[in-house]
Amino acid sequence: MISHLLSTKNLELNEALEIFDNARKFLEVLDRPTKKVPILKGKLILTVFFEPSTRTRTSFEIAGKTLGADVVNLSVSQSSTKKGETIKDTCLTLNAMKPDCIVIRHSVSKIPDYITNFTSAKIVNAGDGSNEHPSQALLDAFTLIQHFGDLSGKKILILGDVLNSRVARSNVWLLKKFGAKVSLCGPSTLVREEFEKEWDVDVYWDLDEAINDADAIIVLRIQLERAASAWIPSTREYSIFYGLNSKRLVNNNKVLIMHPGPMNRGLEISSEVADSDNALIRKQVTNGLAIRMSIFYHLLGHKVDNIGEHLDKNTEQRGY
Amino acid sequence: MDKILFKNILVYFSDLSSKRINFYLDSSGNVNFLDSFDISDYKEVLDGEDLVVMPLLTDVHTHMRVPGQEEKEDITSGSKAAARGGIGQIFTMPNTKPVVDNAYLVDYLVSNIDKNSSMKIYPVGAVSKNQAGEELSPLLEMKRSGAIAFSDDGRPITTNILRKALIYAKTFDGVIIDHPEDPVLSDGGLIHEGRLSRAYGIKSIPYTSEEVCVARDVALARETRSRLHLAHLSTRHSLKYIEIAKEEDLNVTSEVTVNHLIFNCENISIFDTKFKVNPPFREEEDMYELFNALKKGIIDIICTDHAPHTLEEKELDYSQAPFGTPGLETVFAALYTNFVMSNKCALEDIIKWMVVNPSKVFSIPVLELQNNSKANFFIFKKNEEFLVKPEMFFSKCKLSPFLDKKLFGFPLATFYNGKMIYKDNNFLQTVKEI
Amino acid sequence: MLKAKILNEQEINKILHRLMYEIYENHKDFDKLLLVGLWTRGVFLSRRIAEIFLNEKGIRLDTSELDVTPYRDDLYTKEKIALKTTNLISTRERSIIIVDDVLFTGRTIRGAIEAIFDFGRPKKIELLILIDRGHRELPINANYLGRFVPTSSKEDVNVRLKEIDNVDEVIILE
């Protein structure tokens, strides 16, 4: 039983399946006239985003509120860090507000792991640097399983800026646990040849070859504001060689298309593909709510040793 | 100090010989070799069975943080740390606040050292003004004030300044120490670029960041025929350039830190800030190859790169904590435990790498046991194990990568210029530390 | 430890038939009637009653399943409870009969009532219970009761049904 959701690496397969089982139940809740079950009544969830994000934060917020929890959004937006406050102090302060769960996004890898030392709340990693985004991977796998039933042997292609993508990493670790054949495609600066050996995946630098027998394609966002731009000469060149459009899918028109959003239409994915019947992009959003509800229930919805017992960690000095 | 008899002690010398001898220290700290003795003459007698006397070690790469960062370390704490580690001579790097880039600051450092240090500390001057890599510092003037060598440590010397400095240093046979790192390739990296950096998506420092700089430095040494010393090598790929330089008889020497011989990115917890150092811990193969290079004489010197920081700084998260870790106290014990005890090298090799070669490269004296002169040595006991605890550190930084590990060979006492500058609590019961 | 066997298969069957007739007697508009079985055994009891209705009266009743777990007031005192399916349709203007096997403190039924309101405003809610073992902690009573069995708090009433337990019986354990 995991006590925090930090990574998909150390998530047991049966735990992921349990999260999926409950997510199916929670999907039903989202269709009710009163979209609320009081399963987390009286629980306090803080979403602390050091990086701007609207959709992931909103998804977590709706998930928490649907379960009856109080969800408070803190816009840290690096402002307190700019004032010289360390992340440790920020977390000790937040912990003193007695949250049961902290959903955190930060621009540096492994920060969610680090803050588990300073808070008694359950930590949910909503994206740390280029490391992981486990809730996104869980909803992606959940969506794929909805369609395929079983992922073993299915070729799932992750297309785009794998180097800088936390979505890609979380998905690689998780999809492999389900026996999927994970493939990566993108230019060699963003899809390094070392990935093949180190991650036990297939690496393609040629998109047509990669698409050929793929069962599903997870298209990654090209983050123009991030390092990706330094690793590709121009977005124009990228979209010509690695942009997904309907012409590319002529020989494989059954392949499912996913995208974690927000999309750069016309860059990594054409509108025609994004709006096609094979695109599960909207479904991913709804599934995201159910998965995040299930994550909260998994972490908070039952008796756990120190839940509600907020240890006074302020005086403790813990190593990292 | 009462007279102390050292009876039948195994003594190692800088000519790499060793023998069991009897000697005593008189009250003014002079060493007197003995052919025969009457035990009743001495209040304190040390029986030599497991005791070993070693020459004082030299550490050519430390950061005493003076002037300006005395919260991290100062001359008193740093020299005590060195004494605890069996070290008699250290170099302190100029990347301080302000940067030691002029003779006045070297003068200040020298007077501070004279006042507060229990052993020898040599200031290293900055090669460029404010280490900015734009203008040459007054090297000759700093040399006259006591600078032992010149370096922009903490960052590489810019190509233009390095070339000028190498040519200029020939005037006075000076040594330029370069920190080989291409900052463009390091690009804010936090750990070694490899399996782990890729798995965690963390900014990383590739091999080539060091390698291209080593290649550049060797080329400039070839052109100028001047004396160049390369600091803290971390990758096996750098070694071939140095090997070529040695074959061509260029004046190129190099060092490796003790930590890079023991740790690699796979045998540490990579996100523990205790292990956050620059250059980063590389791969297991690099660790082995660096040690082999020492044995083959491609690398000349082992140093510590003792880089203390405050606890507050090291407790920051991994991305914000500064690079650097202390090493003075643990260097000999770490080498003895990891290499001598496992027969990977002999004590004589340690003497070569930490006594003889530093003296040759930087033209400084060897400090060792000599008859009828002031005592200069440290003594340790074979097979005596220590658990490394923060209390063992005299450095202001007590976050060693060796914390909670067991090490053999910690010095029991250190004598510098006839004075006992370190003494273990349980050693020489009746003698007081000076 | 088994203390007593209260009901056997035939007795349970008889009771269910009686309860069906009571419902038949109390209601007119069977289209509006909705049997809501509570997991786990209430679900099977509600299905049986619907089946008896169909066999005896040729009337097909709507049945559905409700998992009360999210509405429990003791969630954080228990180890993890797995969620089950809820497939309630809109309860707006419906007459609801909650079906469960044992009525004890009444807390489960409170949760069920709360849940049902989340699906719409029902016209009426009634309660059908196979065994009422007493010890109520809330003002809740069954409209259709199989049998009242006074028990001590040390005892445990176990309803076993063929669908999952391979046998139809009601027993008291101590």
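Chains here go by letter, A, B and C, matching the order in which they are written, and residues are numbered from 1 within each.
The criterion applied here is as follows: a residue touches a chain if its C-beta (ideal position, glycine included) is under 8 Å from a C-beta of that chain, and two chains touch if they have at least 3 such contacts.
Because the structure is a prediction, the values reported are computed rather than measured.
Trainee: What chain is the most remote from chain B, judged by the mean position of CA atoms in each chain?
Mentor: Most remote chain from chain B, centroid-wise, comes out as C.
Trainee: Which chain is in the middle, if each chain's centre is the mean of its C-alpha atoms?
Mentor: Taking the mean of C-alpha atoms per chain, the most central one is A.
Trainee: Taking the mean of the C-alpha atoms as each chain's centre, how many Å separate chain A from chain C?
Mentor: One centre to the other, that is 41 Å.
Trainee: Compute the distance, rounded to whole Å, between the mean C-alpha positions of chain B and chain C.
Mentor: Here the centre of chain C sits 79 Å away from the centre of chain B.
Trainee: Round to the nearest whole Å and give the separation of the Cα centres of chain A and chain B.
Mentor: 46
Trainee: Within their complex, state which residues of chain A touch chain B.
Mentor: 86-88, 108-111, 113-114, 129-132, 163-166, 169, 192, 194-195, 198-199, 317, 319-320
Trainee: Going by the contact rule set out above, which residues of chain C touch chain A in the complex?
Mentor: 67, 69-71, 75-87, 90, 92, 114-115, 117-120
Trainee: Quick one: which bits of chain B touch chain A in the complex? Just the residue numbers, please.
Mentor: 195, 198-202, 271-273, 315-320
Trainee: So in the complex, which bits of chain A are touching chain C?
Mentor: Interface residues on the chain A side: 1, 18, 21-22, 25-26, 28-29, 32-34, 36-39, 67, 297, 301-303, 307-308.
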